[in-house]
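Two complexes come next, and they have one chain in common, chain A, joined by chain B in the first and chain C in the second.
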Partner chain A sequence: MFWLQLNRVVGYWPVLLKGLGMTVALSVLALLIGSVIGFALGILRAGPNRTLSRAVGLYVDFFRGTPFLLQVFIVFFILPQVGIELSAFTAGVVALSNVAGCFIGEIVAAGIQSVPAGQKEAAAASGFTRAQQMRLIVLPQAVRVVTPSLVGQFVLLIKDSSVVSAIGLLDLTRSGWMIVQNVPNGLLVFGIVGLGYFVICYPLIWLSRRMERRGQAPVL
Partner chain B sequence: MIEFTDVHKWFGSLHVLNDISLTVTKGEVVVVCGRSGSGKSTLIRCINGLEPFQKGRLVVDGFDLGSSSVRLRELRMEVGFVFQSFNLYPHKTALENVTIAPIHVRGLSKAEAEVRGRALLEKVGLGDRMQNYPHQLSGGQQQRVAIARSLCMQPKIMLFDEPTSALDPEMINEVLEVMVSLAREGMTMMVVTHEMGFARKVADRVIFMDRGAIVETADPETFFTAAKSERTRDFLSKVLHH
Partner chain C sequence: MLGSLNTRVMLEYLPAIWQGFLSTLMLSAAGFAGALALGIVACALSIQPLRWLRLSATAYVDAIRATPLLAQLYFLYFGLPRLGVVLPEALIGVVALSLNSGAYVAEIIRSGILAISRGQVEAAISSGMTYLQRMRLIILPQALRPTISPLIGQAIVLVKDSSLLSLISVVELTRAGQMIAIDRFMPVEGLVATALAYLLLYYLLKLVAGAWSHQNRLPGPA
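Then we have the complex of A and B:
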């Protein structure tokens, strides 16, 4: 019986592969866009402008403090009511990038704050502009400090992407739902789905742990 | 080159600079000493705008630091600053530490900056350390890189904020030697230090500060043998004892 079911699940490999592709596409896009958002938010959060820093803090806390599923629903079901109509894929990428940006922003801000004040002083004393101080002196040091945490965050991002199956995107999780309707063995089907996530995430977990043990990221 | 006129600065209710008037001319070497908390570091940090002040006038190389439109960046290109804790960039090699500002602030090409940087690292005795990162260098070596880093901008004025205070005793001299040769080449320098031997050797003037005010200003000979103020003599008896 088990072997028969396994055989049938494996027969659905094109669906699984498609789901896996969607999960990877969502994650990679959200990772890229979320990193851009995250660095921008982090720089503002750690910046000298108090008002801006607090505003960013509030924004970030809002998205860190509400369920991601709710955010997906807001983007997909509520934005159209104010005239912003997004496809399920775009909505998924938007929601996922935004929440990733919020988490990455907090990590980046912490990294920037960990760079000693003397570094900024030395850079200022050399005549660098604020932007140059950030780009040439502060960020490279901050990135090294936070790389292990960032990689860890990427793992969470990949797993969070499963939530967007709720708005009908055929990602890895939803492909599991589809298959389980034909092969009534949830443990088996979702075991295989879980394995799919694990295969993507484990190398990142391993990398993050290795970098943490070394105390810093490799020189890129 | 540097002209303080009745400058005052407060940290909250603490009066850290009290009515400072002081003129440093081109090529002059001025040593500033005093107990910790006397305002001597604050004094030289005002000169390149690292610290603001609330009252008075301070003009450095034609830049009026009191005015709100002062172009701090342009001023800082002409004023080198050496910190007590070196503050080298840990992610850059010695040579990169020295060349990064000339490249990005002065707009030199990488090749030009490296020619200049190599010559300066040779000059401070670190010709064989150019590719080392700061953490691979001793304190004395790091401070010499920091001096070369400031010099590579070809500043008109060099400020030193207790450059040897964070160093082990055996490394102090290698840093002082670099500073002595710089002074002898005619650099305009203000040096906050407790190294009285250095003051004797190269200073044109020695200033003693106490509670934010300049208590004594004299040439080294007079300063060390015939200080007028009781507080200066008391300070000297403590630092010259060992």
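Then we have the complex of A and C:
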């Protein structure tokens, strides 16, 4: 019985593979876009303009304080009401990039604040402009501090991407959900789905742990 | 968009939102209690000398950390009946939340205990303290204090994660919001009301965390 079912699940490998591809595509896209958003938000958050910093804080709090599932629904069901029609894939990428940006923004802001003020003062005294100070002095040091957290954040992102299956996107979790309708063995089907996630996430978790243990990012 | 928000409908559905809010609160509290218990056990197993018990604790933590909660939830939801275990959806949800958060709680407590320097224990021994005195007066107070803030952080994550239970048809806050959206075809009202309720919980927990860390600021370099 078990072997028969295993055989049937394995027979669905194109669906599983497609789901895995979707999960990876979503996560990588959201990581790239989310990093850009995150660095922008982080720099504003740690910046000297208090009003701007507060506004960014409020925005970030909204997305850190509500469940991701709700955010996916908001993007997918509310944006069309104001005339922005998105496909399920675009809605997934938008919601995932946005939430990734919010979390990365807080990490980056903390990293920037961890750079001693003397570094900036020295740069200013050497005649660097504000943009140069940020780009050449502060950010390179901040990035070294935050890299382990960023890797950890990427793991969270991959896992969060499973939630977009709720709007019908065929990712790895959704492909498991579809297969389990035909092969009624949840332990087997979602065991295989879990294995798929494990293979992607575990190396990243390992990397992030190793970096944390060393206390700094390795020279990549 | 917000100008056209139908507040009358939101007020009309306030009792449903309130019910969902209470339900989310209870599911999260039950899930967190289970997570604390599981986390303490897993942490204890991961620092004791028996190798295979240590390995099984590590395997549990890694398996949970490397897979999404939704897959874990479906694993139990579609898998338990297969083993002849038929549980109500809400209970399956609480078990999934506990199993999931338990792994993170184990890591938090473990890092608190491992952070104590060897010198503290040696100093306590040379002051003539017994094992129980050392545990009670030196090790646990230092180990547990820094874990409170991360634990509250984990509670925040758990409250948000509990929204996934709506996908196995447990009626909680997210589900309540969806019902308004479907009943009245007013997604904005339902989702906005739900989001506000979650934000209320988020800020409450953040307030507790802030008050705690303010009151218990450790002396010396942080």
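One rule holds for everything that comes next: the second predicted complex is superposed on the first by the 219 of 220 C-alpha atoms of A that agree within 3 Å, B and C clash if a C-alpha of one lies under 4 Å from a C-alpha of the other, contacts with A are read in each partner's own complex, and residues count from 1 in each chain.
We take it that contacts are C-beta pairs under 8 Å (C-beta built on N, C-alpha and C of every residue); 3 or more make two chains touch, one makes a residue touch a chain.
All figures in this text were calculated on a predicted structure; none of them were measured in a lab.
J.: Identify whether chain B and chain C fit side by side or clash on chain A in the overlaid structures.
T.: fit
J.: Chain B or chain C: which reaches more residues on chain A?
T.: Higher number of touched chain A residues: C.
J.: How many degrees, to the nearest 10, separate the directions from chain A's C-alpha centre towards those of chain B and chain C?
T.: In the superposed arrangement it comes to 100 degrees.
J.: Contacts for A:205 in the overlay, against chain B (first) and chain C (second): which applies, first, second, both or neither?
T.: Second partner only.
J.: Name the contact category of A:166: first (chain B only), second (chain C only), both, or neither.
T.: Only chain C is touched by A:166; chain B is not.
J.: So in the superposed three-chain picture, is A:84 touching just chain B, just chain C, both, or none of them (first/second/both/neither)?
T.: In the superposed model, A:84 contacts neither chain B nor chain C.
J.: Report for A:4: first if it touches chain B alone, second if chain C alone, otherwise both or neither.
T.: A:4 sits against neither chain B nor chain C.
J.: A:17 contacts which: chain B (first), chain C (second), both, neither?
T.: Touch status of A:17: no partner.
J.: Go through the superposed model and pick first if A:52 touches only chain B, second if only chain C, both, or neither.
T.: Neither: A:52 stays clear of chain B and chain C.
J.: Contacts for A:36 in the overlay, against chain B (first) and chain C (second): which applies, first, second, both or neither?
T.: neither
J.: What is the minimum C-alpha distance, in Å, between chain B and chain C after the two complexes are superposed on chain A?
T.: So the smallest C-alpha gap separating chain B from chain C comes to 19 Å.
J.: Residues of chain A that sit at the chain B interface in one complex and at the chain C interface in the other, please.
T.: none
J.: Can you check the complex and tell me which residues of chain C touch chain A?
T.: My answer: residues 1, 62-63, 65-72, 74-83, 156, 160-164, 166-167, 174, 177-178, 181, 187-188, 191, 194-195, 198-199, 202-203.
J.: What part of chain A is in contact with chain B in the complex they form?
T.: 116, 118-119, 121-129, 132, 136-137, 140-141, 144
J.: Applying the document's contact rule, which stretches of chain B touch chain A when the two form their complex?
T.: Residues of chain B touching chain A: 48, 50, 73-74, 76-77, 79-81, 83, 85, 87-91, 100-101, 104-105, 149-150, 153.
J.: Residues of chain A touching chain C in their complex?
T.: Contact set of chain A toward chain C: 61-62, 64-70, 73-74, 77-78, 81-82, 155, 158-163, 165-166, 172-173, 176-177, 180, 184-187, 189-191, 193-194, 197-198, 201-202, 205.
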